[in-house]
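Sharing a structure with you now.
Chain naming follows the written order as A, B, C and D, and within any one chain the residues start at number 1.
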Amino acid sequence: MYEQLKEQVCQANLDLVEHGLVTLTWGNVSGVSSDRKHVVIKPSGLAYDQMQPARMVVVDLDGNVVEGELEPSSDTPTHVLLYRHFKDIGGITHTHSPNATAFAQARLEIPCLGTTHADHFRGPVPVTRPLRAEEVADAYEANTGQVIIERFADLDAVAMPCVLVAGHAPFAWGVTAAQSVQNAVALEAVAEMALMTRQLVDQPVSLESYVMDKHYLRKHGSGAYYGQRGE
Amino acid sequence: MYEQLKEQVCQANLDLVEHGLVTLTWGNVSGVSSDRKHVVIKPSGLAYDQMQPARMVVVDLDGNVVEGELEPSSDTPTHVLLYRHFKDIGGITHTHSPNATAFAQARLEIPCLGTTHADHFRGPVPVTRPLRAEEVADAYEANTGQVIIERFADLDAVAMPCVLVAGHAPFAWGVTAAQSVQNAVALEAVAEMALMTRQLVDQPVSLESYVMDKHYLRKHGSGAYYGQRGE
Amino acid sequence: MYEQLKEQVCQANLDLVEHGLVTLTWGNVSGVSSDRKHVVIKPSGLAYDQMQPARMVVVDLDGNVVEGELEPSSDTPTHVLLYRHFKDIGGITHTHSPNATAFAQARLEIPCLGTTHADHFRGPVPVTRPLRAEEVADAYEANTGQVIIERFADLDAVAMPCVLVAGHAPFAWGVTAAQSVQNAVALEAVAEMALMTRQLVDQPVSLESYVMDKHYLRKHGSGAYYGQRGE
Amino acid sequence: MYEQLKEQVCQANLDLVEHGLVTLTWGNVSGVSSDRKHVVIKPSGLAYDQMQPARMVVVDLDGNVVEGELEPSSDTPTHVLLYRHFKDIGGITHTHSPNATAFAQARLEIPCLGTTHADHFRGPVPVTRPLRAEEVADAYEANTGQVIIERFADLDAVAMPCVLVAGHAPFAWGVTAAQSVQNAVALEAVAEMALMTRQLVDQPVSLESYVMDKHYLRKHGSGAYYGQRGE
């Protein structure tokens, strides 16, 4: 099942290492099938040098394993819930990349301070509310997905393809597993720049809204003109 | 056309990666022909492992493509405008390197705090004014070039081979594409040191002007004695 | 003697380099034999490219060399004392990794600010008291072990597999030499994130205790469900 | 002349790159002959991938070239002056490594905050006074050596094998060219840790003097017991 998707998800997990976003086995990438019936995801705690397409785990959208000899990532319930609610995304990346995680730990959104941010994320990167004790006691990983969805009540998951879970770390997504990795990379870079900018000025000014719009729309939507035609 | 220039520009783009200044596909390098009629520039959004001399795009100084199958960098209008106004430069590098971008986002010039800075840049690295809404709405990339040129009304583009665009990122230039990359590398290093210095003392003292002059003139102009004879 | 343990300890020392935690020859890893009669440890000051299993030194639990042509690490008395008192540990790693060392130099414990921390360490990472002059004058390295043990009077060395020695640097441990290296890696990452978080907010909130417990127990103990069955 | 010394100095310059202390061509290493009549030094501005033993330049202790086709490092007058005054040193390394340079730019000595520092440097790393205008105008590089020597009037160049030149960058030295590189590496690491420690506490406490002495003497002098016998 899903030979091609397994290859894509496996490669995306390896790309995460290549981009320097992984410490030990922290981090996982998944992808959803085109009929949105199954998710291919990294096995739990697998060393990155053991990563092979055939070892990827297939689960249904309730998180039940339907193929694979290894246990799926313990974050699987978060992934499947996001696929259920964000209908336009095809891949999800979870990391503990240091700068983005620092903002998650500080429970601060990442303000849009420059065009690097605006090129990828439309507006400040949101942070969820902390989970309540009862949400942690029972179905913790699914509830992590719930607070993300709750936070996105008024947000568009396509224009804002990432979130910081308070006290935890970032999740990023995209049309494909590969694009979710790129958004995770962009998020870490943007978080680093924002942290450095705050070291230079206590209250940095946000990017002008007309520049935010321009940069976002230069790269996304029908008027986009960044990149090559037909991409 | 321009086989040699295409090779130089392609190599300069790859060197940018080698120096660790590139995240994803952010960043581009161009070079101008010796008759200053054409500019060779990186294609837009091209992955760095796909970079080949034959894929470089040739545009005229109005930014029209005259050769190449791919779209040129979306920043092409900025590049060509700089070549039109800065008659002594032969190459331009644009990056989103994190420390220099942090200063651009903080909208602070980089003060000259040491000889590392003075060796490459004569005086504080300037920052442009923010673009106005109407300058962003229409001909945004050309207007990015305009605010740079406006900022350089009283500055010498040879003695100060870089600039921070407010809320955006740095541009650097040089006699050749290769030298523009070196200036981008020096700029990032100097920005990192300045940020660290500010973490140690709130108001660091500027380098004495006689040391600034000495270091700059040790490396540049007719009295230079750094490097090898005839270079 | 201890062919297999020598290989494990040698590899663990090399892994420390691979993870980027070593500058020059700073850092050492040891492992204890299953009968807890002997410790295999890195030779003192040996360059990492000279590291071979046959060069590892075997000492008894009083720190006397029983096999090996090279001098053991000067920190050997600290290691053997920890093995004597922490009966459940099989490997120890000492590094001067920069972020964890910064906390040790600041003589501040590392607060638990997020799930990355909670996944590995149950509660704040403790810091020892400074050694007194007489403790430094005589049997300094053994006394370094003593202040660690003193600090752990009310702590569980399994749930908290690391410590910061005030004014010095971290020690980490685990069931095996390899696991002690992983804990040293996690400690450095957690210290980096904590330092960054403090740069964003002066007084970051600690992770809710029910999340701390959840994350720790997700990975450790009889109810653990992170990773693969039977690992 | 000096085949072996040329190889050592060439290798030491390459090691500097390997340790990540070099940006572009910033940095140089030299070694003095055993009769202290000649100094072998890196050519000025030479790219590191062009570095070969035969390209090293031989100068006398007045800085005159006695062998070599390339120009010697522009910092040669500083090097030769240090060899004249510090009779026990055999190699000198000059870098613009970022953390040490930040302290030099802040014109702050690096306090001894931990044993990493004490293992290599006895007391705070000193910073010179700024050079005066007339010292910069004439014989600038020699005067850079002079302010170093002036700062060491009451310091022992063996116990304190490095210095920060105010507004410039560090110089480190040692018994050999290779050891001077190691001291430059240790200096950068110690500067990084000190900067991080200051981010955690405004006024970090200095390491207790009895620990400073212990760590320094554990590694240096007749009572040293770190490393292997006979090294």
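The rule is short, and it goes like this: a contact is a pair of C-beta atoms (placed from the backbone, for glycine too) under 8 Å apart; a residue touches a chain by one contact, two chains touch by 3 or more.
These numbers were taken from a predicted model, which means no experiment stands behind them.
K.L.:
Determine how many degrees of rotation, between 0 and 180 and to the nearest 5, align the Cα atoms of chain C with the equivalent atoms in chain D.
P.N.:
The two chains, chain C and chain D, differ by a rotation of 90 degrees.
K.L.:
Indicate whether more than half of the residue numbers at the chain A-chain C interface occur in both copies; give same if so and different if not.
P.N.:
different
K.L.:
Using Cα averages as centroids, what's the distance between chain A and chain B in whole Å?
P.N.:
Here chain A and chain B have centroids separated by 32 Å.
K.L.:
Which integer distance in Å separates the CA centroid of chain A from that of chain D?
P.N.:
The answer is 45 Å.
K.L.:
Residue numbers in chain C touching 2 or more other chains?
P.N.:
Correct list: 199.
K.L.:
In graph terms, nodes being chains and edges touches, is this line, ring, star, complete or other?
P.N.:
ring
K.L.:
What are the touching chain pairs in this one?
P.N.:
Inter-chain contacts occur between A-B, A-C, B-D, C-D.
K.L.:
Spell out the residues on chain C that touch chain A in their complex, using ranges where they run on.
P.N.:
113-116, 119, 182, 185-186, 189, 192-194, 196-197, 199-201, 204-205, 207-208, 210-211, 214, 218, 225-229, 231
K.L.:
Using the touch definition from the top, list the residues of chain C that touch chain D in their complex.
P.N.:
23-24, 26, 43-46, 70-71, 74, 96, 98-99, 101-108, 130-131, 133, 136-137, 140, 167-169, 195, 198-199
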